[in-house]
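Got a structure here, written out as structure tokens. Questions coming.
Note that the chains take the letters A, B and C in the order they are written out, and that residue 1 is the start of every chain.
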Amino acid sequence: VHLKQVLQALPTSVSLPSGAESIEIEAFAPLDQAKAGSISFLASAKYRRQLESCQASAVLLTEKERENCPEQIVAIVVDDPYLAYAYLSHQFDKTPKGSQNIHPMAVVHPTATIADQVSIDAYAVIEANADIAEHAHIGAHCVVGEAVSIGAHTRLQPNVSLLHRVVVGAHCLIQSGTVIGSNGFGYAPLPNGAGWQSIAQNGRVVIGDHVEIGANCTIDRGAIEDTIINDQVIIDNLVHLAHNVVIGRASALAGQIGIAGSTTIGANCSAGGQSGFTGHINIADNSHFTGQAMVTKGTTEAGLYSSGLPAQPSGVWRKMVARIRKLDTLFERVDALEKQIK
Amino acid sequence: VHLKQVLQALPTSVSLPSGAESIEIEAFAPLDQAKAGSISFLASAKYRRQLESCQASAVLLTEKERENCPEQIVAIVVDDPYLAYAYLSHQFDKTPKGSQNIHPMAVVHPTATIADQVSIDAYAVIEANADIAEHAHIGAHCVVGEAVSIGAHTRLQPNVSLLHRVVVGAHCLIQSGTVIGSNGFGYAPLPNGAGWQSIAQNGRVVIGDHVEIGANCTIDRGAIEDTIINDQVIIDNLVHLAHNVVIGRASALAGQIGIAGSTTIGANCSAGGQSGFTGHINIADNSHFTGQAMVTKGTTEAGLYSSGLPAQPSGVWRKMVARIRKLDTLFERVDALEKQIK
Amino acid sequence: VHLKQVLQALPTSVSLPSGAESIEIEAFAPLDQAKAGSISFLASAKYRRQLESCQASAVLLTEKERENCPEQIVAIVVDDPYLAYAYLSHQFDKTPKGSQNIHPMAVVHPTATIADQVSIDAYAVIEANADIAEHAHIGAHCVVGEAVSIGAHTRLQPNVSLLHRVVVGAHCLIQSGTVIGSNGFGYAPLPNGAGWQSIAQNGRVVIGDHVEIGANCTIDRGAIEDTIINDQVIIDNLVHLAHNVVIGRASALAGQIGIAGSTTIGANCSAGGQSGFTGHINIADNSHFTGQAMVTKGTTEAGLYSSGLPAQPSGVWRKMVARIRKLDTLFERVDALEKQIK
């Protein structure tokens, strides 16, 4: 592909030195592994040294870094090289395109509404009154339940289960194995510890536009009201959202996060992998959490929050745990010392 | 639906004021969102204030709260309003019913035994010698492996995998994506770090009656003996039970819990989300664990157990971790002070 | 089965007392539950006492333990009884064998290459240019994506998704619900918190030989380069490997571990359940981590690493957390005491 054509994926046009437009570009590559025919990017000053010996044909960089670009490489000046890389990367995307057909081995209920240019792969099941908008792609083995609604250009990888009445917006991606609309974990205890009476989960899951959800996630439907994921939210693999959770606009959740029932996460929040949020709390906009955070209370202010003790050699760790368990006595000893000195 | 009919789902009858029986009820709603035609419930005194302005047609409450019910709302007095809500909620359940048919696109092995009024959805696979009891519902894309047994009225959501010889009791619910009967993680190390020799996992998973299991869980079969889940157990999403785990009657496991091999959880226990249990320990009946608990030893007494440091602003947290790492020196300094004072 | 025949699964031959060769063996059993017709093993001195009353017909044990074997039991002397058990256990494996057929309800793309003696179960989907080597077994409902390569004797349980261009070696086992080749969690932030621009994930997942992967795992493809799992690695259920992770030879990962992007785990490492590894770190060969470890830095030396505070009764725990939060003041008080004494 000509460089000029590659760059058409950027939202704003860039100027190129004469002759550079027709350079052939075959792939993206990191600075230290690029070859002729590659395009690369300098996203952080700490990789600047790799520019010197870089073999790429073109590099995305900021105005400030332009002077560090070797002469033989075409410098493409952009405001945000990492974002530019994100835009351009899709030019080289190897993900197979949907066929824009309905596979003969898909089961589509006669009452379902399927727009033009929808592709539905083998063994997908589309149930009664489902509504799938134009250019959506339904992977093999997906289940699109009763009265589910899927927006335009949304893609489901193989093996996604969208249970009844789930609503997914436009331009979303839902990855393999993810289940949306499972029952919330709602039970009333029977008298005398006899067991549990389930509570019917009658809410929906409502997902906005431009939402991306990873593989093998589980997102429960609300009990009475809906579970809600707002526009531009991104969610990694194996994340669990309980019933009536609300995720604010453009928030980002890393792998294996769990959020208990009725918790509301604000807009533009992020949380690291394996973080856990207790139920019925509110997290303020722009709150950020490091990995494995144990979030037991809401936040009212933007900021970075953390918990946990990082791993150490086990001998050191064991001593530390023993010390912590004797903290009580240490406080008492210091109390006693203070009294004696007085 | 008439109120009288709605209330028939309660295990004991309730008395209604004259004329109230034929009130039309359309939905359940929380106190603060209920409209005419809704039924609501007052499960805790902390919501009592919402009663005043509540628009519901009827409210479930205790005898003690009856006097706080506005005149225009029908007060339905029950022992446990939350449990009553749980019973009644199913009157409004919107989950599609199975068709009580075997879909023509299901593959059912000729040696499988399928009772009357079983529904099997599209693309389900029922393997040799499987046995499915009456009124069971097998969702689309489920795999019911060789010699699997499924009790009456048990429902599998789409995409459940029950591997060979798994036994599921009656009145169970297993949600989408869950795998039961996967191989336990059993390996013997080869000499000199060359790798691992797997151990055949020949036990089964045996699940009692009235058990509910969430989405995308994994429950491994036993190595020699069985993995066992007793009656009335409820399990949330993404839970991992290793081989030969035993879960006692009516225990409740929240999302993303992991229980390592051969651990036994007693009856009427509960554990919060993301808790982890080490292998080969015994947890006493009525033991409860808060979320993210790190359970490294068994318990011999009922009670509530916890671990972990709740999240704080990262600056505070970093200082705290640094302090903890210097605890050793603090103990030494206090030792020295005590000696000096003596 | 005759004992002699059972023992043929061992890599080296063992000598048996005369007459023992034709003893009938029906099953493996633990020492304390074995009956006539069972074979058992003594893997650790702590079970030695169970030998006395053991009813097994034969027991695997070391030379050192031979004298403790009751007369009526055939003692089979091996170097490593647990490893011997692992080898022999497969003689009693009840896992159904694949049919060595392609099920008529499988969809196989005409450009896919299927070797001899491959079995493909019902509703499997094999996409364009996939390549499946001899004796591989593809379970029901598996998706083998475009240009995926699967080595000889590799088995996929039902419901596995291998997305485009994934490479799996020979003699591997991949369990139900696992997704390999999902998109890495790569996004560039849009200006002003507007949301996220996804980065195309164009790398592959490349898996070596004799790798075993549990149920409902997610293994993301690399962004530019590949995610790599080397030979003999074993991985338990619900494990999440992010893009560009590398797992060294013969390492073992327990259930619900998460490893963030671009982290490299060395050879012969192990980690306990629910451990979490931050991104872009390197873990030295022979590093081991206890369960729930919070691994925020790489290791340069072999050894055992830990973190976390084990669960305690909640009253004790609450006091401990309160004490830890006051550590700062305790340090100050000790500072003050030291000054006063000087």
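By our rule, contacts are C-beta pairs under 8 Å (C-beta built on N, C-alpha and C of every residue); 3 or more make two chains touch, one makes a residue touch a chain.
Computed from a predicted model, the values in this text were never measured in an experiment.
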Equivalent interface positions on chain A and chain C, same or different at half: different
Superposing the C-alpha atoms of chain B on chain C takes a rotation of how many degrees, nearest 5? 120
Geometric centre distance via CA averages, chain C-chain A, whole Å: 26
Sites on chain A at which at least two other chains make contact: 123, 141, 159, 177, 216, 238, 256, 274, 308-310, 324, 327, 330, 334, 337, 341
Which part of chain B faces chain C closely enough to touch in the complex? 107, 123, 125, 127-128, 141, 143, 145-146, 159, 161, 163-165, 177, 179, 182-183, 185-191, 193-200, 202, 216-218, 220, 224-225, 238, 240, 242, 256, 258, 260, 274, 276, 278, 289-290, 293-297, 303-310, 319-320, 323-324, 326-327, 330, 333-334, 337, 340-341
What part of chain B is in contact with chain A in the complex they form? 27-30, 33, 80, 82-83, 85-87, 89-90, 92-96, 103, 105, 121-123, 139-141, 157-159, 173, 175-177, 210, 212, 214-216, 231-232, 234, 236-238, 249-250, 252, 254-256, 267-268, 272-274, 291-292, 308-314, 317-318, 321, 324-325, 327-328, 330-331, 334, 337-338, 341
